[in-house]
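One chain, chain A, links the two complexes that follow: it is found with chain B in the first and with chain C in the second.
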Partner chain A sequence: MIKDFERFAPKTLKEALVLLAKYGDDCKVICGGQSLLILMRQGLVSPKYIVDIKGISELSYIKDGKDGVKIGATTTHRAIEKSPVIKKKYPVLAEMETRLASIQTRNWGTIGGNVCHGDPAGDPVPVLMALNATLTVAGAKGTRSMPVDKFCLDYFEVDLRDGELLTEITIPAPLPRTGTVYTKFNVIESDLATVSVAASVTLGAGDGVCQDVRIALGAVAPTAIRARKAEKVLKGKKITDALLKEAGEVAATETEPISDIYASEEYRLELVKVLVPRMTKEALARAKKA
Partner chain B sequence: MKKELKLKVNGQPYELFVKPKTLLVEVLRDLVGLTGTKRGCSSSSCGACTVMLNGMSVKSCSVLALQANGAEVVTVEGLAKGNELSPLQRAFLDHGSYQCGFCTPGMLMSTTALLTENPKPTKLEIKEGIDGNICRCTGYNSIVRAVTAVVKGEYKEAK
Partner chain C sequence: MSDYSVIGKRVHNIDGTEKVTGSAKYTFDVVLPNMLYGKVLRSPHPHAKILKIDTRRAKRLVGVKAVVTGKDTLGRKHGIWRRFPELCDEEILCRAKARYIGDAVAAVAAIDEDTAEEALDLIEVEYEPLPAVFDPMDAIKEGAPQIHEGVELNINVNRHIEWGDVDEAFEKCDYIREDKFKCSSQAHVCMETHDAVASFGYNGKLEVWTSTQSSYYIQRLYADMLDMNESDIRVINRHTGGGFGSKFELDSAQFCAAILSQKLCQPVKIVLTREEEFTATKRRTPMYYFLKLGAKKDGTMLAKEVRVITEGGAYTAMGATALYLTGFFSSFPYKYPNYRYDGYRAYTNTAPTSAMRGFGAPQSTFVGESQIDMMAEDLGIDPVEIRRKNGMTPDYEVPGQAFIQSCGLHQCLDKIDEHLKKRGKLPPNHGIGIASYGFMSGGIFNWFNTPYAFSAAVVRINIDGKVDVYTGACDIGQGSNTTLAMICAEELGVRLEDIRVFSGDTGICPPDLGAWGSRQTLMSGNAVKRAAAECKQQLLEFAGAKMGVNIVYDLDIKDRWVHLVDRPERGVSYFDIVKGAIRGKDGNAIMGRGYYTPHRKGMISPAYSFGVQAAEVAVDVETGRYKLLNVTTAHESGTVINPVGIEGQLEGAIMMAGGYGFCEDQPMDDGKILNPSIADYKLIRSLDMPETEILEIDTYEPEGPFGAKEAGEGLTNPTAGAIGNAIYKAVGVRINDLPITPEKVLKALKEKEKQ
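Let's look at the complex of A and B:
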């Protein structure tokens, strides 16, 4: 049973920030409620006040520019999945969204809510890490920006301080000769990831050398993580199958997976060793075509 | 403290007073009295509670009713025109696309939303369209066959 609460439905970001500053720890933000309502139903979260930001239309947008794309926090998963500009310029984001939950959940749930929920098995965060995204949060005292990996602190814990809201996700325009891919391993198609891997490879002009690479893993640590040591194995080199295999093995050492009903720790480690080379190779193939 | 909720359900306007924690499915079943929308899991998993909210399918067990303020909701009761069932409803009947029938309202709403958005889905797209709906009886194939028949134009829209 959900406990009673008082609800405020601000129409602007400014109004929302005033309410959040006023009610402090007694209040919780809700957007689509696709994650929060489950926690409230289980009695894990019972806020006295709720600030409902679903109706803040100024935070729902996809703005494409020369430097990249800006996505407002209350943009739904479905809007991202269907956006022509996302499909064309950041196809990995649309591909990720089509595998996130079901259409009904994507129609109401938002990317901001997903990122702020801090689930290490969530799909968007590894992809945003691979795309080198930056998050902007706003509070009564002003705004801050940070890379997405700095935002994720622990299991279901993100770097939102007193009364702050996530407002925007900025994804830089991809460099030339860059390919980015994502996959998750799961048993039922619309389930959360057992292990997920996002990889982005940028090749140098003409020489086929890996100029830059980002590998991000989901569901193998308290937060989604960058596999930075694995990236070092590949950066500055011509990528070969042997190097990819090594990167997979190094990536596995960077994780701290748990055993749960979906998979054992050992199985997750094996998945990392298999999926990191496979996805990085796919990213490489995309980079060659880009 | 109850708050005012104005919404349209199947074209009919309602003015209700609900607690902030009230869910859309509770408004539809308990206040509006339309019990076609089912409550299976209450945890966003089964899809039996699927309705259309401003043209989009949502799981009504997972939407705060007050978030639907000012919205247009369509439930399974809103699919027929008078006594004439919708093409999907007739196709479901002909293809035996239900056994116990508990998932049927949700299946109909998901597939109606699918065809509104994409009148010519492929078989894979039909399957993706009912990805959020669980059926414990039919094995899904009869549902996919019914939708395919509608896509092929075998069922005309009621006048």
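Let's look at the complex of A and C:
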């Protein structure tokens, strides 16, 4: 049963920030409602006030520029999935979206809402990590930006301070010779991830050496994480199957998976060891073609 | 049988338009004047004495109209096995003791749902938690907590089936295998949760709209529990959003709504939440299986011994029948000359287990078909061949149990063999597994103790030639109204659009045991066919007189044309005959009655369907994840009344049985179901559905209407076994406990690597 609440529907970011400052902890931000409504129906969250930012049109956009693409926080998953710019420059983001829940959810749910929900099994965050994205949040005192890795603090906890709102996601322009991929392991196709892996590989000019690599994992720790030690195994080297296998083993040591009704801790570790090499190899193949 | 004008045609359900446009009214949609909303309070303890229930604070909440507990009931216990009072063990509203997490202890009626729910929090129940037991293997041990008074070792019911001399036969076998299996539970996940609108009037009569598979059962069980005449109770089932076995017992929504309505003389509606649906309704019976199978070198199977312990949960429900049927169907579809089954159902402090589509046969088919493939491999015989060698044939008697008339198993095996050969050599880590199965077309056993015919129908022809069918059968989405309308139209010689069906309303329809055990096509179909034939006879009598034909000529009606069988061009319009016949009867409408009660068909069922299914999987050996690529089924169900209906049954069955094999499970922690939501309970969805194909097999069942038999449940039986066999073919590991999850497959692969 959802408890009664009062809903505000600001039309501008400024109005929204005023409301957030006024109601503080008593209020929750809603946009697509695909995560919050579930928590409310389960009685896990019972806000007195709801600030519905779905109607703030200034926050819904996909802008392509010199230094990358900027995505407004209230942009729906479906809009990202269908965007020609995204499909061309960041195909991994569109591919990720096609596997995010169902079309109905993607029509309503927003990228900002998903990221702020802080679910370690969410799809976008590992991909944004692999793409080296930056988040911008706005508050009464102004705006601040941070890499997506720093935004995720703990299980369902993100770095939003009182009265702050996520406004924009910036993804830098892809470097040449870069390939990025994402997959999630789940038993039912349209389900949340049991384990997810995003990997991005950038090759040096002409030498085939791995100049840069980012590996991000979902659902194996309280937040999505970067497997930095695994990245170190590969960085600056020519990637071989043996190195990939080692990266998988190392990545597994960086995780803290739990056992739950979907998978045991051991199984999740096994999946990390298999999927990290598999996906990094795919990223490498894409980088070679890029 | 191409001369049928209605049977065998591809038609959409006669209520399809209403359903897809959202205008069909389900119980969920029923709103009556002055209607109140009810909610049920449930035990948080798996096993606890109820010391005291204080309802005073709840009653004081504004908007609350009534609060009831077990003390407001007559203290009776209900059960489906009415012939055995000791198996009627469910109070529904517990008086002294709660036996599982979800057992109902109180109910509230209020002006709206929110108020009712708020009131639940204000009811104070003082419990004394008791030691509890969850696994049937623990429950039957000496010293285990006793769940029902006087039931030793918690053994709720046992069943024994035997023929031949099993021990002697094992001695003659060249080869014997013994294997253990575990079958998991499964939730029904009906789209419409259990619900009821009960309206008790000042006239002392009760009317109930409810989502049910058997209006008659609910009416009768209400009569028992409320000490009323069954004729003072009207149960109405217009449209039902799915029923797979959990909806033919009196449930907490129905019972609590009626008790509250009785108290207030106001209608009360209770709709179970999805969480209640998962935790406090019945579910598929988990089973421990111990199998011993003996064969000659050439693959002839001489003996089978089966022992089963089932997890009963807190009450008997239909679990006793599941126990019996899993034992019977463990011999299917083969001719075992010697067979012995011993099954025990143990009470546990878990949600009660009961009937679910396949009714014990998906379990027996999974374990039996797995073991047969193992046996075939040991003996070096092809899986199709070993099934051919032992498979049932027409006119076979299961010794002392059943008589099988039509049986197309061997044609099914031939078709599947062709399919396998056509697929040829598969890519690495791909495999196709097969499973054979059979199922009953309605049960003959009458543990419910009905004094009525198993099925009955009334057909009435109106002056405009339109036909009304009255049947107690329940259309639960399976399309029985359409099937029965088609049977009526064919028999009477009119078109499908001439038929209107009134079903599942005990106020106007003759009793029918309802939609369970795959009985509506054969049993209700026979009743409707007979009723229609009686009407037709009246029309032909009049037609014969009017047409003045020589009495040696036979008359018939086809497609609204009353004619001479030998000279079809000589005839009269059906509509004219109807008008005349009614006038000739002094204005009395043409009516016919029909019924069906099986006789001399053994103890189980009047007819059996058969089939063979092939499932193709591709396994990722690094993760254990596998994809169900294709499921091809050769199914014979006698004459197909509506091909569209069979295709719907097939796809629905693969979704459900595939889920049973692949991912559906109800993990528990001390009796608490851990995944009581559709987000956490894994169901196969559209993206996970394999390609499905149906291979047509022609058979004719003499006992069925126009030769038809069941097509509802049998299709749920083979898939888990076929998947298990396919995985073995693909990567050489066998999983003996359901569901076959990727994690289990990977673990088995790792263990195999070590060896």
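The criterion applied here is as follows: the second predicted complex is superposed on the first by the 290 of 290 C-alpha atoms of A that agree within 3 Å, B and C clash if a C-alpha of one lies under 4 Å from a C-alpha of the other, contacts with A are read in each partner's own complex, and residues count from 1 in each chain.
As a convention for this text, a contact is a pair of C-beta atoms (placed from the backbone, for glycine too) under 8 Å apart; a residue touches a chain by one contact, two chains touch by 3 or more.
Note that the structure is a prediction, hence the values are computed from the model and not measured.
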Partner chain in contact with A:H117 - chain B first, chain C second, else both or neither: neither
Which of chain B and chain C A:I30 touches, first, second, both or neither: first
Touched partner set for A:K281, first chain B, second chain C, both or neither: neither
Chain B versus chain C as contact partner of A:I38, first or second or both or neither: both
Which of chain B and chain C A:S264 touches, first, second, both or neither: second
First (chain B), second (chain C), both or neither touched by A:R228: neither
Where chain A meets both chain C and chain B, residue numbers: 38, 189-190
Complex contact set, residues of chain B against chain A: 1, 3, 19-21, 23, 42-44, 47, 50, 53, 56-59, 62-64, 66-67, 110, 113-114, 128-129, 131-133
Footprint of chain A on chain C - complex, ascending: 113-114, 117, 622-623, 625, 662-663, 667, 674-675, 679-680, 682-685, 687-688, 741-743, 746-747
Residues of chain A that touch chain C when the two form their complex: 1, 38, 185, 187-191, 261, 263-264, 267, 270-271, 274-275, 278
Contact set on chain A toward chain B in their complex: 2-7, 9, 30, 33-34, 37-38, 40-41, 50, 52, 54-55, 78, 98, 101-105, 107-108, 189-190
